Amino acid sequence: MATVYDVTTWTVPGNPGLTAAYDIGAVINSIIADVKAQQTSQASKPGAVIYIPPGDYSLKTRVTVDVSYLTIRGSGHGFTSSSIRYNAGNTSSWHEVNPGGSRVRVENTDGQGEAFRVARGGDPRLSSVTFENFCLDGVSFAPHQNSYLNGKTGILVDTANDAFRVQGMGMVYLEHGLVVRDADALRVSGNFLAECGSCVELVGSGQASAVTDNHLGAGYVGFGLFAEGHAGLLVAANNVFPRGKSLVQLKNCSRSTITANRLHGFYPGLIVFEGACDENLVQGNHLVRQPEPWGPMQPYGNGRDDLFGLVHVRGSGNTITGNHLSYDVPSAQVAPSGATPTIVLVASGSGNFIATNHTRASLPVKTVVLDASTSGSIVVDSGTDEQFVHHGAQHSFRATP
Amino acid sequence: MATVYDVTTWTVPGNPGLTAAYDIGAVINSIIADVKAQQTSQASKPGAVIYIPPGDYSLKTRVTVDVSYLTIRGSGHGFTSSSIRYNAGNTSSWHEVNPGGSRVRVENTDGQGEAFRVARGGDPRLSSVTFENFCLDGVSFAPHQNSYLNGKTGILVDTANDAFRVQGMGMVYLEHGLVVRDADALRVSGNFLAECGSCVELVGSGQASAVTDNHLGAGYVGFGLFAEGHAGLLVAANNVFPRGKSLVQLKNCSRSTITANRLHGFYPGLIVFEGACDENLVQGNHLVRQPEPWGPMQPYGNGRDDLFGLVHVRGSGNTITGNHLSYDVPSAQVAPSGATPTIVLVASGSGNFIATNHTRASLPVKTVVLDASTSGSIVVDSGTDEQFVHHGAQHSFRATP
Amino acid sequence: MATVYDVTTWTVPGNPGLTAAYDIGAVINSIIADVKAQQTSQASKPGAVIYIPPGDYSLKTRVTVDVSYLTIRGSGHGFTSSSIRYNAGNTSSWHEVNPGGSRVRVENTDGQGEAFRVARGGDPRLSSVTFENFCLDGVSFAPHQNSYLNGKTGILVDTANDAFRVQGMGMVYLEHGLVVRDADALRVSGNFLAECGSCVELVGSGQASAVTDNHLGAGYVGFGLFAEGHAGLLVAANNVFPRGKSLVQLKNCSRSTITANRLHGFYPGLIVFEGACDENLVQGNHLVRQPEPWGPMQPYGNGRDDLFGLVHVRGSGNTITGNHLSYDVPSAQVAPSGATPTIVLVASGSGNFIATNHTRASLPVKTVVLDASTSGSIVVDSGTDEQFVHHGAQHSFRATP
């Protein structure tokens, strides 16, 4: 029983002329059908590896992955900046103009929005599916190349899953890069996901997952990383660059941790808690907020003003400590005009602990602001008396000396 | 000289009918014998790569690795939860019931307990052996499936070694997953080691090693990670989940560092120092202690009570800073009954530094307790006066405001 | 169009007798020429993967990489200590004496110093070139094996580049391991670069790059990691061991972050800022300074004395927090003789923030020293009054209680 497939040598039964270059989606679906036909014993379904050599492939048919233990693997995430290219004017003299590596152009003609959909009903949930080291390229945005919109998704995992891995992938010019619903012990690591509306979206619920060691750079319409309903998510050692409406946004997440990341954004709200986020740790991160420096993207923003906070906290019992926060915006670009920008805003909740954070700013700022609805916040060594604003009830404060 | 081997195509000299499906251990031993027969020049022994395609393999004979530069590599760690399956009742309608990927069932019939043993006498010590991306499955525990006991070990490295890598592996239902003696500059990274008695045990001594970016979940009988006699061990960005008698336990380790990990446990003692552990750093970790929520495992524990500490420190000059610690246990489940739980216990030693840690608890706790034998501890911004207990001699304390 | 090449099976047009064993450089250049000949459409140049099986290869001709999306990949970084071997005396009874894996001996006969040079003029800059999992061995140093000098460089990326990856590589006995000019979003991860003059040098300028999860050990002549003109560099979870003139040295870098690393050195200056380094974060690292314990290397040093600082800061607005610093040097070995060693030296700049650092020392030290040229430093919980020295203008200080 062969378990190693190559999309360039597989012959689709009944359609021998179909090539991966023409429709890699149909080819992979045919391979998965073969895996299922070969592996029929409940006791032994080891899965397979599907290899995508470097090359240029169109995907016209959405792939449906409904077997565990499948690895889809290429040799090269193939990222290049399509944003620079599309905004460069005449590129006729360029060496190349498109992404490469094991490059899959997401060009569905089947009415679907996703290149890959992973889903299965029944028990058990799917386990140990791996996507590795190939390129998912959405090719273009509409109605213009700076919109980050095209209705395309690279990978949608749509049912509960365990021990999945997405590693070494490249994604570019997709409205949604990776979307995973109901993840358990997911690993998203070593990827280069950039110039996508959103890069990583973990929706529904999840636990014990890890997003580490990635390069993430979303559009102004979406998220570097969005996670919803997760507990025990570890977000570490990522280099998250602009743009991104938020760089890391947690919604109703608890006991998760954002540590040792580098976060660079062009709008208010680099780390954002939405809903009720409790007992999370934001520790040892480096955050920088600058204005958009690049002409083609200066028309866009995320709609928030500078009172929103570089770090926007909602929920109780969170820990914000050991972070460096740089705010480097000319006063003329502060919104609302004349406002004193907020660095860390505690917008709701009780018992949040904010300690030993260092803010550097190009103009006077409020390093920590406690909204009126908050209570019991503890703020130590995170700014001077003048930099601290408390609208809320009882709290503790010790100024940085 | 071919240096790329495939276990499914290798013919064992003298036993051409032997397949990897029947005994992958004997096949790999035969391949290693061939590597040694081919590479006889002291000046040039580059080693080889042995590939295990996705498939279901039995290992009846222990593999002995006694050459440097050998890579044993599969295509899929193939983890699925055997614990859920064995406790699920009737699984006859399930899609599949076993782990997969490049799955090696550890079923020794040679009287040995290990699937792989790596060892060599003489000089130099073995270098740069790599295990990568396959599954070691112990199949079952005895006398019942929740015992975590079966006498099986996935990989035992039994002599001093340098620059080894264990990466992307899956291990499940082994009493001991990975055991490495006398490691120098070992890398254990990107693995999924779960439902093993112990996941990673670094025994004897070691230096300059790294355990990073893993998913680790041990049984109540053992350790997520145990390290003995190590200096300069880096434990970072791991997602360590229950159960685990301890999640991370250092014994007589010095100048090692546990940072940016997420640690979730069901018993007292998530991070434990045993013996004399000096000048280690525990920084930026997120710890959560909850009671066991799952019926089948509720009969078990690790025998410690809630005075042991979520973090249990023995030794001198350690640094415990910037951690978030959540304690979420109903008062009826606290042991001894009626006790006030301890979060950080300094059980021995002098000059330990505990700063800027934030505890959240479901009931009153002592955030830092200094035992009578300790001296010179410095405790700052890690709890209130009421949360601090000092039985020891001179110490410094500054309450969180 | 085949895009998967193997150096051992490729026939060089016009020179069919040339083997990779004899000159892998010429073979790879021939393969790259074929890639370029095959891929001539500006719209589709996906690149290729060049595979180096385990084996012993000489490189006599420098490789020139001038195409995007090329992966050069082996099966084994093959590190072993040549330093131990060369200082061991009689090794005739040893099992093996050289590095292995996919081992490329850097033995240029073409007058060049580099094994690989990556460079291209015109637009766009090169993207997504990957070096992975092979060994670059400089074989010997001159005039003696402990000099770290031989004029050899493993990989030089010499023009601006985007989204490159260097991962899982081994380098040994090269004067310069990896040198990358003008990097954007580079990833250097999971490598074993040791016994090189310098391991990683990021020169010129750069942004949004990451050096994570590596083992790095340079010679006394160079750097574990050197970075120049970078913004947004993330240095995380590396195990950096001796020797290294500096372990991590930043020159004119801003808004970069050094977190969760383990750093072990034998000379003053483990983390060094050169020039003007602003708004960087040094957080959660474990640093140890010991004297050189090994006879063969005891004649050498880096020329700095113990007033230089384990951490040497130049620039403004930096954050140094949550680090553990061990200084373990007998008083007889302190230089200048009788001096009180400095742990953190702020040598220039304003507004640096130094908080919650814990120093352990074998003799009295100054934990923080502010030079006369500095101003506005904030030093909290990082030593006692006696351990603090301020020659500079206004500053804030709060002693560790």
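Per-chain residue numbering starts at 1, and chain names A, B and C are given in the order in which the chains are listed.
Please note the rule applied: a residue touches a chain if its C-beta (ideal position, glycine included) is under 8 Å from a C-beta of that chain, and two chains touch if they have at least 3 such contacts.
The shown structure was predicted, so the numbers you read here are calculated from the model rather than taken from an experiment.
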{"item": "Chain copies touching (chain A, chain C) - same or different residues, decided at half shared", "value": "different"}
{"item": "Rotational angle, Cα trace of chain A fitted to chain B, multiple of 5°", "value": "120"}
{"item": "Centroid spacing, where centroids are CA-atom means, of chain A and chain C in whole angstrom", "value": "29"}
{"item": "Contacts with two or more other chains, residues of chain B listed in rising order", "value": "213, 236-237, 259-260, 283-284, 322, 356, 381"}
{"item": "Complex interface listing, chain B residues touching chain C", "value": "1-4, 42-49, 68-69, 71, 73, 120, 122-124, 127-128, 130, 162-163, 165, 167, 185, 187, 189, 208-210, 212-213, 232-234, 236-237, 255-257, 259-260, 279-281, 283-284, 317, 319, 321-322, 351, 353, 355-356, 378, 380-381, 396-398"}
{"item": "Chain C-facing residues of chain A, complex", "value": "53-56, 75-81, 84-85, 88, 91, 93-103, 170, 190, 192, 194, 213, 215, 217, 236-239, 241, 259-262, 264, 283-286, 288, 322-324, 326, 356, 358, 360, 381, 400-401"}
